[in-house]
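After this come two complexes, each holding chain A, first together with chain B and then together with chain C.
Coming up: the complex of A and B.
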């Protein structure tokens, strides 16, 4: 098995991971940045690596290109063979990385909630369809309903429209009063306000409905229509795709596996982004959903701290505080409504991998109980989807993940290590 | 980025733009559903970011996620649809 060694291993090459790796190198440490995607950028900067149109993306991706940070892409972390010895799986086989300190910047995923028909081909996450389109998924001429909750819906709709789709409507489950308060809350964040205004501009003519959500997706082999509820009225809308997401959930699996303390579904860190476990730093969305500005500020702090440069410049402290306030505004105004817990019927599949019905899961006391009784969460995705849904539907707390964190070939665990390569320094 | 890539999907040759994901290539080739769930229902790409595993297919004999994999010349893709 291939093996590399580095001083600081950064897992996740989104904004937080890039900022962390670049800042660690600037502070004099050697860093290796690894991501499961084919190129850096994470979800928010997908496609920016070769054509950066976003200012912050251009700044940080240029910094990454110009820095001696070693990078490896297309590798998913599946286990730790020992503390400080990470095991990755990729198309070219497994890779082990020995490190002295670790920065986890695993980002977030979308919260998908079950409703009748949500497993039909043609039903996607909202950010999900957005990133698929950025990687070549064709939507030109298609009729698409965007639904769910949060500012991501606007960004997703704008991407779909630019790719030639006909966005029929954006259905936001949050009510008008909360949306107005959220908009007012953007005042201290002019960057965010401008972004929202620009998105609205690009979506001129697209109906934006608040207090509205998709109750059901219909079709036989693929999505043909959705039933949209807005207040007391229900409307059937014929469409080719539904992009639906209910906010973001921190990807805490790696941190949990390593024993880091969690609170409210996010990793607990100190002002230096240090977790409860010695030598493990966490940055970005896994510490609580807060967006790209927060991810960059936290990544910079984590990189500097992991490199032994403990002091935080005033500008960085200010960025952290401001982005934390924005995160709070987000949480407060996009709380999910109770009606969303009533969408799934007894026969609706809750665990998509193991096809566990809603009624069978609802009869269990906890996620662990559901695992034992029904195999919920024991398939390919390892509860990444149904775990977050169960948390919202039943108040379950996520069961502790076990290795491997994702399906991986046995060679990841059995193959002996070849002579460790010298420290990775070249950019791959 | 403008060149095309030739690959085979379930034994049929397909030409797709270079740089796109395997998931996108399958959709461009007309595949809506790319695997069968335990109840026989069709499933296709959903989360787009390597989380839900719905878009898994065999690429050159190894199970991989279509949304994370990039197309390459000569790729042999097998769906379970």
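Coming up: the complex of A and C.
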């Protein structure tokens, strides 16, 4: 089995991971940045590596190019064979990485909630469809409804429109009052204002409806229409695709597996982004959803701290504080409404991997009970989707993740048969 | 509230006892501190196997497997009962001789086994490594998904009049009553302690020790093997006193997944998976099933087996307190022997004819040791 060693291992090459790795090197440490995707950028900067149109992306991706940070892409973290010994899986087989300190910047995933018809072909996660389109999935000419909650709906809609789709409407479940307060709360964040304004500009003419959500997706073989509720009125909209997402869920599994303390679904860190476990730092969305600015600021802090440069310059402290306020605004104004808990019917599938019906899960006492009695969350995605849904629907506490972090070849779990290659820091 | 019997612990043993007693008309209350079948029952493989290396174990496991065969047609689909049989695998002539002795011992208890040559073994399970000596096929053994059966037995008990209290723990046993952790008490003429590894928390000095195990399950694929495959060396692993041992033990699930076991560790820390033991488990399995190397692991987990010093369960009256009964210490055979345990305990408690001699399982066999421990 191949083996590398490094001083600081950074898992996840989105904004937080890039900022962490680059900052760690600048502070004099050796860093290795690893991501499961084929190139850096994470979800938000997907496709920017070779053609950066976003200003922050250009700045940080250029910095990464010019930095001696070692990088490895296309590697998925599977497990830790020991503290400080990560096991990755990739196209060339397993790779072990020894590290003295670890920075976890695993980002976030979409929260998907069950409603009748949500498993029909033609229904996508909003962020998921955005990723597909950025990777070339054709949507030109398609009639698409974008629904759910949060600012990412705007970004998804903009991507779809740019690719030639006809975005019929954006249905935001949050009410007008909260949206207005959120918009007002953007005032101290000029960057966010510009971003939102630009997105709205690109979405000129697209109906943006608040207090609105999809109650049901309809169709026989595939999606044909959605039933949209807006306040007391219900409307059927014929469409080819539905892009739906209910905000983001921090990918805390790695940190949890390592024993890091969590609070409200996010990793608990101190001002240096240090978790409750010695030598493990966390940055970005896994510490609480807050967007790209927060991810960059926290990544920088984590990288410097892991490199032993614990002092945080004034500008960085200011960035952290400002982005934390934005994160708070986001949480406060995009809270999910109770009606979303009532959408699924008895037969609605809650766990797609194991085909578990809503009613069978709802009859259980806890997520653990549902796992044992119905196999909920026991399948391929390991409750990444239904775990977050169960938390919202039933108030369940998600089970602690167990290794492997993702399905992986059995060869990842055997001990290396020969002596490992001499530890060497490799450059990109 | 008064009942005849309070059963502490909703694992498969406690649920089987609740079911057996409730259907006999006894007023039963089953108390489970978390969820039914959630501890050792959930962590286990669910292999229903006749083990013969100890006469008492042979009696209890063969009797129990017969009860499982009677129960099987009644079980719900998601109990996943399948008559896979067990294939005991011999690597060399010495183990083949052991397979022959095993066949003789099983036959004496009325359990049929069929000796397989190397060629027959290869024909029977082509995925096995080519260098094996042969094996013993016990066709009547089966597999089951234990937590679903535990909950089903509890529901059947409730349908027969039993009460079920989940989410509340028994914190102490008093005279003719149990104290719950919400401060309330349940009075009963008899108290059956069936809470697995937690028995010593309620019965000080009960000789039950935790023995950790690791399991790993693959993703779904076309079935590769048909039988539960176990190496003949398994018994040394199971009944030896080594602080750590690993034996090849693979089960085909109806989903097309393969369940890989098994490890045994005394004095291991709670909870987490130890990568080194997963490595040993996988390496052992690949020796017997080379094709496994290409399979994908979905999940690994651990659990604790409740063991006793002589590897026999504790079924019967607890000698240090009148009215208290014990059903525990089943080590790795709790799912297999749950039904037989329920019969044996019910017969003793209700003063019915015993299905077989209860003496080998009597908790009193450790009484002097227990008494000295308590004092």
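Operating definition for what follows: the second predicted complex is superposed on the first by the 415 of 428 C-alpha atoms of A that agree within 3 Å, B and C clash if a C-alpha of one lies under 4 Å from a C-alpha of the other, contacts with A are read in each partner's own complex, and residues count from 1 in each chain.
Here is the rule we use: a residue touches a chain if its C-beta (ideal position, glycine included) is under 8 Å from a C-beta of that chain, and two chains touch if they have at least 3 such contacts.
Please read all numbers here as calculations on a predicted model, not as lab measurements.
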Q) Of the partners chain B and chain C, which touch A:365 in the superposed model: first, second, both, neither? A) second
Across chain A, the partner (chain B or chain C) reaching more residues is B
**Request:** Give one of first, second, both or neither to describe whether A:82 is in contact with chain B, with chain C, with both, or with none.
**Result:** second
- Between chain B (first) and chain C (second), which, if any, makes contact with A:380: first, second, both or neither? both
Given the touch rule stated above, what does A:221 touch, chain B (first), chain C (second), both, or neither?
first
With both complexes overlaid on chain A, does A:272 touch chain B (first), chain C (second), both or neither?
neither
- For A:409, is the partner it touches chain B (first), chain C (second), both, or none of the two (neither)? both
After superposition on chain A, the chain A residues reached by both chain B and chain C are 379-380, 407, 409
Counting only contacts in the complex, chain B reaches chain A at residues 1, 16-17, 19-21, 23-25, 27-28, 32-34, 37-39, 41-54, 56, 59, 62-64, 67-70
In the complex, the residues of chain A that touch chain B are 36-38, 43, 50, 74, 76, 91, 109-110, 112, 119-125, 127-132, 135-138, 221-222, 251, 349, 352-355, 379-381, 384-385, 407, 409
In their shared complex, chain A is touched by residues of chain C numbered 34-38, 42, 78, 147-148, 151, 166-167, 216, 218-219, 273, 275-276, 278-279, 282-283, 286, 292-301
Within their complex, chain A touches chain C through residues 79-82, 364-366, 368-369, 372-375, 378-380, 382, 402-404, 407-415
